[in-house]
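Below, each structure is written out as C-alpha cells.
Same chain, two partners: subunit A is paired with subunit B first, then with subunit C.
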Partner chain A sequence: MSPNRRVMIVPCSGIGKTFGTVSREAAYTVVEDLRPDAAELVALSLLVLGDEEARAAVAEHPTVTIDGCRLACATKMVQESGLPVARSFTVLDAFRKHRDLKPEGISSLNLEGQKLARVLAEEVAEAVDEVVRGET
Partner chain B sequence: MPILPKKKVGIVACSGEEMPEGTVSRVAALKVLEELRPNDTVTICLPLFLAGGEGDRAFARFYPTVAVDGCEKRCAARATEMYSGKPAASIVVTDVVSGNGLGPIQGSQRLNEAGMQAADLVAQEVARLVDGLLGRTGRAVEEAVVEEPAEEAPEDEEAAISLCSCGSGIPVQKVSVNGRVVTLIALPAIFEQFYQSGKRPGDGTTRELLEIARIYNPIPPEEEAAYAEALAREYEKYCRKQL
Partner chain C sequence: MGEFLELTVDKFTFRFATDRYYHPEGVWALPEGEGRVRIGLSDFAQQSGGDVAFAEVKPVGTAVAFGDEVASVETMKTDIVVPAPVSGTVAEVNPALEMSPEAINEDPYGEGWLAVIAATDWEADRARLLDAQAYLERVREIAEEEMRKR
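Right, the complex of A and B next:
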C-alpha cells in the first residue's frame, strides 16, 4: 500500500433514519479503526457548501461514498460538485446481503445495526485497499 | 372540518462527521427530537436538503427551523438559508462549549464526558428555542414575513387564494395589510374552520383569528391592529360568499 495515497470517505450524514446512522458508524470504523492511515472523513455539507479544503481533499484524492439509502445523497452530491467517486456503497445493499442484521435505533444502534456497520466498514476498507493499490 | 397542520419546528443539525462538535450537534438534536420535544419537532435531513429533497425544503419554508451547528462554518444554518429560508434560530456548539467553560470535546464516534455535557446543554437550549418559536414563552416568532410589496391585493378572492409555492400543498391567501400585500399561510383553512364552527364576523372572532393566524405567520406586534383589520375584512368577505 502506498503510504502517500489517502482515500476520502464521504458518508451520508442524515440524522433522522437508522440507515444514516449505520453509514456514519461504518465510516468512523473505517477511518478510526480499520484504515486510520489510509482513510479520512470528509463532511458532505462542507463539500456541497463549497468549503475549499473539503473540495481540494476530494479533488486530489480518490473518494469512497457510503450512502444510507437509495437516494444516494452522498454519491450524487460529490458527483454534482464535479468531483469523481471511486467507489460507492449503500447500507441498503449491505443489509440485503445480511438480512439477519436488521438495524434499529437512531441515536444508538442495536447490536445487529452495529454488526451491519462493521460488516459494511470491512467492505469499505477492502475497497480502500484496492483504490490505494490503484485497482479502481 | 379542515385539519390545520400542527406547527412544528424543524431541527437542522450540522453533519460535521470529521469533528467532535459535529457529533455534539447530532446527539443534541436527537435528544430534542426523541426525548425533550418529540411532539413539537422534526428533523430535516441535511444531506437530502442539500441534494434537493423537495419535501424537506418545503417543510423548512413553512415551518420555523433551528440550525444546530458544530462550528463557526455554520453549514446547517447556511444551507437552510440558501435552499429554503433563514433559520428562525441558530446555535453553535463551540459557543456553548466556551460559554460554559467545558473541557476539550473529544471523540467523533463516541463523545467524551465533556462532549456529552455539551450535548445536554445544547439540547436544553434548542428545546428552549423550540418553546419560544411555538409561542410557549411569549417570544415572538422571528421568521421572515412573506411579502410582495409591489403587488396589489387581488379584488377577486379566489384569485388571491392558492397553494403555497413551496409545493407543500398548504393553502395561502394574499391580503392587503397597511397598503401592502402579505401572503398568509393557512388562512383559507382557518376561515373554513371558523365558518364551520359557527363563528361569525365580530370583534371576538377577529381576536381569535389573529391568534390562530399568528401560529402560522409571523405578525409583528406593532402591526397587530393592521393585521386584525385585514383579517376582519377578509373574513367578512369569506362569510358573505358562503351565503
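Right, the complex of A and C next:
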C-alpha cells in the first residue's frame, strides 16, 4: 500500500438532474469529509473539454466514477479518453439498495436525497480505500 | 418483431412498434393468439419516466379490467401506474424484471415486457386501443405541448 496514492473521483455532470445532484453531493462528501487525504475531485466537464491538467490527473491516478443514470457519462467519458476506471458507481444502483431514500430536488435535495448521497459516498469511500490498498 | 415508426421531437426520438396496439397512457398490447396478449411500456413512456429502479407487476392469477392498474414502475423521476390495456387475468409476469428492471429502458418492446394477460374479450378491447400511427400522433401532441411549456 502506498500512503500517498491518491484516487480521482469523477462524478456525473448532469446539471439540472436530481440524480446528477446526488452524484455530485456524494463526490463532495468523499473528497471533503470522508477521505480528504486520499480522494480528489475531477470535473467531468474539464475532461470533456480536453483540459490537460484534468486529463493528466486521471491518467496518473486510479479513478472512481459516480454516474447519475444508466447513460453513465462519467464512466464512458473517462474510458473514451483512453483512461482506465478503477471502480464505477451509479446513483440508480444506490437507490435500488435503499428504496426508502428517493431523492427529489435539484439545487437542494430533499432529506432522502441527502441520505442517499451520504450512503453512496460511504460506498465510494470504501472503494477508495480498496483502490489505495491496491485491491482494485 | 415488426417494423417501427419514429418520431423526433427536439433531441428525443421515440420508436413505435407497428405490430401492436397502444393504450393512450403508453402501454402496448401485442396479441399472441389463443387469447394471450403480451403487454409492456412504450418507448415514449419509458423515456419520459427515466431510469427504472423497480417494476412490480400484479401476480399471476390477478384479474384486471381494462384500465385497472396492472403494474407499477418506479423510476428515479416518478412513479408510473401502468393501466391494463386489456381485460383478463395475468397469466405470466416477466421474471427478469425483478433483477433487471432496466430491461424496460433498454428494450421496451422486447425483453422489457411486463406481463402476458389471458384476455377475456380481446376484440372488444382492441377497439379501444390505438394503432402505432395514431399513438405516434398522440405522442406528438403531448411532446410538443411539453416543449411549449419550457
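Note that in this section the second predicted complex is superposed on the first by the 135 of 136 C-alpha atoms of A that agree within 3 Å, B and C clash if a C-alpha of one lies under 4 Å from a C-alpha of the other, contacts with A are read in each partner's own complex, and residues count from 1 in each chain.
Here is the rule we use: contacts are C-beta pairs under 8 Å (C-beta built on N, C-alpha and C of every residue); 3 or more make two chains touch, one makes a residue touch a chain.
In this text, all values refer to a predicted model and were calculated from it rather than measured experimentally.
Within the superposed three-chain model, A:41 lies in touch with subunit B and out of touch with subunit C [touch as defined at top].
Taking subunit A as the reference chain, the count of touched residues is higher for B when subunit B and subunit C are set side by side.
In the superposed pair of complexes, A:19 makes contact with subunit C only, with no contact to subunit B.
Contact with subunit C, but none with subunit B, is seen for A:70 once the two complexes are overlaid on the shared chain. In the superposition on chain A, A:106 makes contact with subunit B only, not with subunit C.
In the superposition on chain A, contact is made by A:92 with subunit C only, not with subunit B. Shared interface residues of subunit A (contacting subunit B in one complex, subunit C in the other): none. Within the complex formed with subunit C, the subunit A residues making contact are 18-19, 69-70, 91-92, 95-96, 99, 103. Residues 11-17, 20, 24-25, 27-29, 32, 40-46, 48-49, 51, 71, 73-74, 76-77, 80, 106-107 of subunit A are the ones that touch subunit B when the two sit in their complex. On the side of subunit C, the complex with subunit A involves touching residues 50-51, 53-54, 74, 76-77, 102, 105. Contact residues of subunit B toward subunit A in the complex are 13-19, 22, 26-27, 29-31, 33-34, 42-43, 45-48, 50-51, 53, 73, 75-76, 78-79, 82, 108-109.
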